[in-house]
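The chains carry the letters A, B, C and D, assigned in the order they are written, with residues numbered from 1 in each.
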Amino acid sequence: MKPHGIAAAAALSALVLAGCGSSGGSGGGGTSAAAKKCATSIGIEAPLTGPVAVLGQEQLHFAELAMSMDNTANKTHITLVQGDTQLNPQQATTVTQQFTSNNSITGVVGPAGSQEVEAVGPLLARAGLAFISGSATAAALTTGTYPTFFRVVSKDSVQGPQDANYIVQNLHPKALMIVDDQEAYSTGLVAAMLPIFQQAGIKVDHESVSQKVTDFSSIVSKVTPATTVVVLPWQVASNAQQFGRDLAQQHKSAVIFGTDGLFSPGTFTINGSYVSSFGPDITAIPADASIAATAKAKYGSFGTFGPPVFAATHVLDEAIASVCKSGKTPTRASVLAAVKATNEPTSILGQPISFTSAGDLNNGKFFLFKIDSTGKYNLIPS
Amino acid sequence: MSDEALPPPGPEHADLGAPQLAGPQVGADEWVARQAQRHEHLPSWLGAGQRAAERAGWWPRLALAAVAGLLLPVLGLGGFQLQVGIDALVIALLAVGLNIVVGSAGMLDLGYVAFFGFGAYGFALLSSAKIGTNGIHLSSVLSIPVVMIATGALGLLVGLPSRRLSGDYLAIVTLFFGEAFVEFTNNVSPGVLGGPNGIVGVDTIHAFGVQVSSNKAYYFLLVIVLVVTMAVLRLLDTSRTGRAWRAVREDPLAAAAMTIPVDRVKLMAFAFGATVAGLAGTIFAAQQISVFPTDFDTPILIIIYAGLILGGAGSIAGAATGALVVMVIYDGLLRSPTDSGYLFYGLILLALIAKLRPWRRLALVLAVTAALGFAAHAIASAIAASWVAGGPQSTGLIADALRDWVIVPANPQTAGNVGFVLLVCLLIALVQLKGGWRTILLVPTLYVASFTWETVLSPNPSVTRQLMIGAILIVMMNARPQGLLGTRRVEVAQ
Amino acid sequence: MSAPGQPVLSLSRLSLAFGGLRALSELDLTVGDREIVSLIGPNGAGKSTVFNVVTGIYEPSGGDVRFAGQSIAGRAPHVIAQLGIARTFQSLRLFMNMSVLENVIAATYGHTGATPPESVLRLPRARREEREARELAADVLSFFGQRLAGYRWDQPAYSLSYANRRRLEIARALATRPTLLLLDEPAAGMNPAETHEVTELIGRLRDERKVAICVIEHDMHVVAGCSDRVVALDHGVKIAEGDFDAVANHPAVVEAYMGRDPEALAESG
Amino acid sequence: MSFFFQELVNGLTTGALYALVALGFSMVYGVLKLLNFAHGDLYMVGAFVGYFVIQWFGGPQALHIPVPLLVTIMFVLAAVLVGFLGVAIERFAYRPLRDAPRIAPLITAIGISFFLENAALLLFGAQFRVYNTPDFISFSSGIQIGSVSIDAVQIMVLVMGLLLMVGLRLLVIRTRLGKQMRAVASDREAAEMLGINVNFTIAATFFLGSALAGVAGVMAGLLFNQVTNTIGFIAGLKAFTAAVVGGIGSLPGAMLGGLLIGIAESFITGYISSTYTNLLVFCLLIAVMLVRPTGLLGRPQLRKV
């Protein structure tokens, strides 16, 4: 009892101590010094822990990668501030408050999820902070509601129909199964695809399974012989791999058609599957080879969530650098303006990057791959 | 559950929680003596404070806390801190509500967060464009009470099983209910509930043309709501209703034999708890101007329970304090690497001061640790520069202090991982060992701790955040199982 | 002697069966107004079961329980308690973590009616009831003299000694304003002096609190000392009834204790 | 009809896995009355151990030891390591709380769960580690009845699940340790007075329970091919559910509960819709609990007065 009382008291006073620390801790970063050294910070909002940490960590790694490369290239001193959202809007709100009240932060990468963007959009708009997402694809986000929002990926309302039409025209299924993973990203795509399938008179079996579930045998059993295509608009590639394994194990011949998240050479390797991705296979782009190599060496295998965030971070880096070059100190306003004016002739995504007034990526390309028996991703020329 | 299950009578038994007294003691005198002694084991200033607080009675204390809370923003609490404050206050409100069911009536309700969600969704539906052509934007003076009553009714419904189920069986059923709620909002009628996209564009709290929109406003609102709720619940707790709740917690069968309608009393507890959660939900939805299924998933429930039990289930003040502490640590300090650095080293130091006596030994340990550090650093740098190329990862004062002390290799990740595992093993060993060995082992442990922090923990703030909160929960529960402000209880297996 | 006036409690052909086991069969028993009836019998004779049926914990499988003229068989325990039957438990069942005072006041729930809003706003009715409850508590606690004196009121029940826990249970039972008091082994775990005290206490309860009392007790001194009438049970059947000496010497009773299982007596000392 | 049987097989397999996790959970509960929410994370650790064993012996494509041997090593190593981890946790975090209010260890367990989950994230990273079971246990090694296919791993899970349950039951009923466990479970103080080493017994229980979690983790790895630091949470939840629905503390109950949940899930998915699987399963289980308030095989709490 005796020490315990004290221990508790100790803990509490430690809080106070830390609290005092906080006042000095945050907000510093000195914009005064920035003029000379071009020192400022970028915040990243991603699910760094929790059920989809696999996405968040990959995004973080590529952001760090882009930042270090750009810092050396542009002689800037930009630092990255982590904000863990666990793909949860409430946490995203808290993180966003942390960023907006930290004066040294002049731009934000993320958040990852569309529902998070909806939660934090107003806050960032009020703070005049530019934020660029590498994975929020809901169509509703770029209707002008969030003036400081940008994304380096296309929206569901473009990708969905495009994929659906390809399936209808090239794979001619009589019946197909489409499985969403109960996340905003997935349900959005499904909503965009369904009408087209129904129009084409295809019998659609719409299933839905939580991202956390890894047992698909009972859904796979529902794949009828007539069902020749299974559409998986998922975020977790290894889940799709397991789905494919279950198909094989139950001797089902249906072809998997996946979207962005499934693009993951080495993880998703089901022979004959299709993957439509907003990111290219950066390992196949000569210009990106070095990046890919570095990433692989530093963080191991990666999927399709890293490169877009790399691009997003790069856009912010360049914006800040340009502000510095013009002799001004990077402020939120100036960075925002510079991001709006972004015009990258080329990028890690294998296409030029510039934004519409609503913040969408101009003529965002899609890349469709077919996986062969060796697990290699072959680009299907569109 | 016959006689041997009962705790043995007073003199032998009353030492639960309180320290053993030297010399023979009997009956009441012993109890009285122990009450007096409760203060003596605290440092004088703390003891004095505690005595003063106890003399003051509950409402001056509450009022004082309220004033302090209201003053904080004036003293320049803003932006992020304000947001953390709001989150913390919401959780505190929930913890206080949960305390009715868990603390007073002694039922394990693992579906509580669903009432929070129900309140939030209820408010969102009543104050957004979701229902009807252009929505019903009901005035908050109406919508909030309506939602609260509805949530209370739901509480009654969910409480019904408590008439047949008890203990962990009730817990699991309520847990199912909570999970079912998330599944429901996520999958059922996306047209209205929005599925994973939730409901956006919720009105802020508005009545008679007055809009509560700024975070400061919500902070003040929440402080007031929390304090009022606590006062109300305190008054209720000291009334016949509160006594009935506790009687049912202690022994339902005896309670029934003493004219207490057990089932009705349990249902009341559920209803009151739910109502408070509903209230919290409305404010949450209005402040976030949006609601999503993930806002009401298990992690929130865990935080609420952590707060309640850390503070001391059964004590209203405890519930609120615990929730505030947990949230300030988890949502505030641990989010910033700098602050969590201060927290990390601060906690270690204070734990040492608290646990390590006499002072000579403490000084010795610190000195030896310091020496060890500088020596190790010198040797390492002598062997190869790359071994110390990294430099401390944490920022601010700490970094400067530790520059020539802690070894940080050029590529810290792997070394850090090893250090981390080693640290955990050392800590477990520390618990096992006794006396002198423990003191000796303390030195390397301290150094490894610092090493691990500087190499891997500090550079991965978001992972470290989760690790730290986990560790803090474990340590705090071990230090004070009855919670910060809770009183130790005897538990009779019924 | 016989019960003055019409009986407070009367069990007629009361039966209770757990599956195959017949815990009580065809039991007739009456407790007259302000009468003290003792239930004796070897362990497992069904004495506590009688209490549990009367207080509504078990529902009888046959027969009837009439209290103050109305049938209470199958009523909920708290209703029966409100009608005026209070009890103590063989295995003490206090509200261990509540203070002595709270233990007693909690038992006034059934006779108070302040709704939560009233209590929170401390409206007149709530205030009045609280005041009355405190007075009642002080009254019933004072019944035990120094044993449960004021300075003990704020101690948690678990800090009390066995004897005091038994006293507190009786005090708590009295706070329900009973007309019939069921005491289940009030002297268990007490030393001779305390046991003697209990014997007097039971008498005083009847005289000063004006209640009828039915007491289960193994200690024959207590039984002899306080009973107007003694009823002996064995295997759920009434085997003897009358004043103490008659019952104590009744062959069936002797056989019940001695004959079959000698250790029964040893246990029941 | 074959569809029915296919779904049945799926359900049984998943159920058997749930049951395995639930067994350990229920065991610990039986002795300590402790809801060990960290149980699922022990399962996660077990799965990682299995993964690293595969890597150690050359990875799924290029194994340089026979598969049966590999699998055995995986199970044994996982069981032992996780078992000791469990013992350490008990000593470190739970023992000091033995006489604390029952709800205090709950928070400690949650703290441990946080800690393990994120320690794994720190040490092993977030990306999914893939077993690639089919590369060394081919589907053809399974059985094919009509259009119903049961692969080797599924069979193994079912069989081992049963064996372990029977084994445990025997251990609890027959062996000395089992007797001590039951003694401690029914009344710790009394057991101590009878000279039973309570600490040892509890430690042993934790070892067995955690070892089971470790084995279940390897199973999951073989069955679902992938491991990450977050698989523990769901598993823990299912274990808790299965254990309580089956009648907490009862080993056959845990088994039954696990199978029930597994089959319910697969049939609801198969015949109604995967969208509502969880929702309906929860409703079903609530119904079960209302009908049998102490679980399927749980002894009704007798209320002696």
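Assume a residue touches a chain if its C-beta (ideal position, glycine included) is under 8 Å from a C-beta of that chain, and two chains touch if they have at least 3 such contacts.
This one's a predicted model, so the numbers in the text were calculated from it and none came from an experiment.
Novice: Both subunit C and subunit D are touched by which chains?
Specialist: Both subunit C and subunit D are touched by B, going by the contact rule given at the top.
Novice: Which of the two pairs, B-D or A-D, is linked by more C-beta contacts?
Specialist: The comparison resolves to B-D.
Novice: As a quick test, compute the distance in whole Å between the mean CA positions of subunit B and subunit D.
Specialist: Chain centres of subunit B and subunit D, defined by C-alpha means, are spaced 29 Å apart.
Novice: Counting only Cα atoms for the centres, state how far subunit A is from subunit D in Å.
Specialist: Between these chains, centre-to-centre, one finds 34 Å.
Novice: Indicate the whole-number Å distance between the mean C-alpha point of subunit A and the mean C-alpha point of subunit B.
Specialist: 32
Novice: Determine the centre-to-centre distance between subunit A and subunit C, using the mean Cα coordinates as centres, and give it in whole Å.
Specialist: Distance between chain centres: 72 Å.
Novice: Which subunit D residues reach two or more other chains?
Specialist: 118, 121, 233, 275, 278, 303-305
Novice: Which residues of subunit A are in contact with two or more other chains?
Specialist: 49-50, 208
Novice: Touching at least two other chains at once: which residues of subunit B meet that condition?
Specialist: 1-2, 16, 187, 253, 463, 466, 472, 489
Novice: For the complex, give me every residue of subunit D touching subunit A.
Specialist: Per the touch definition, subunit D meets subunit A at residues 3, 6-7, 10-11, 13-14, 118, 121, 125-128, 130, 134, 139, 142, 147, 149, 151, 220, 223-226, 228-231, 233-234, 265-267, 269-270, 273-275, 277-278.
Novice: Can you list the subunit B residues touching subunit D in their complex?
Specialist: On the subunit B side, the touching residues are 1-2, 4, 16, 102, 108, 161, 164-166, 168-169, 171-173, 175-177, 179-180, 183-184, 187-188, 253, 298, 302, 305-306, 309-310, 313, 417, 420-421, 424, 427-428, 431-432, 456, 460, 463-464, 466-467, 469-474, 477-478, 481-483, 489, 491.
Novice: Hey, which residues of subunit B end up touching subunit C in the complex?
Specialist: Per the stated touch rule, the residues are 1-3, 5-7, 9-11, 13-14, 16, 27-28, 31-32, 232, 235-236, 239-241, 243-244, 246-247, 250-251, 253-262, 268, 272, 489-490, 492.
Novice: Provide the residue numbers of subunit D that touch subunit B in the complex, in ascending order.
Specialist: It is residues 35, 88, 91-93, 96-97, 99-108, 110-115, 117-119, 121-123, 187, 189-190, 233, 237, 240-241, 244-245, 248, 275-276, 278-279, 282-283, 285-286, 289-290, 293-295, 298, 301, 303-305 of subunit D that touch subunit B.
Novice: What part of subunit B is in contact with subunit A in the complex they form?
Specialist: For this pair, the touching residues of subunit B are 17-19, 41-43, 46, 78-84, 87, 186-187, 190, 195-198, 200, 215, 288-290, 292, 294-295, 297, 299-300, 325, 328-329, 331-333, 335-336, 338-343, 346-347, 350-351, 353-355, 395-396, 461-463, 465-466, 472, 475-476, 479-480, 484.
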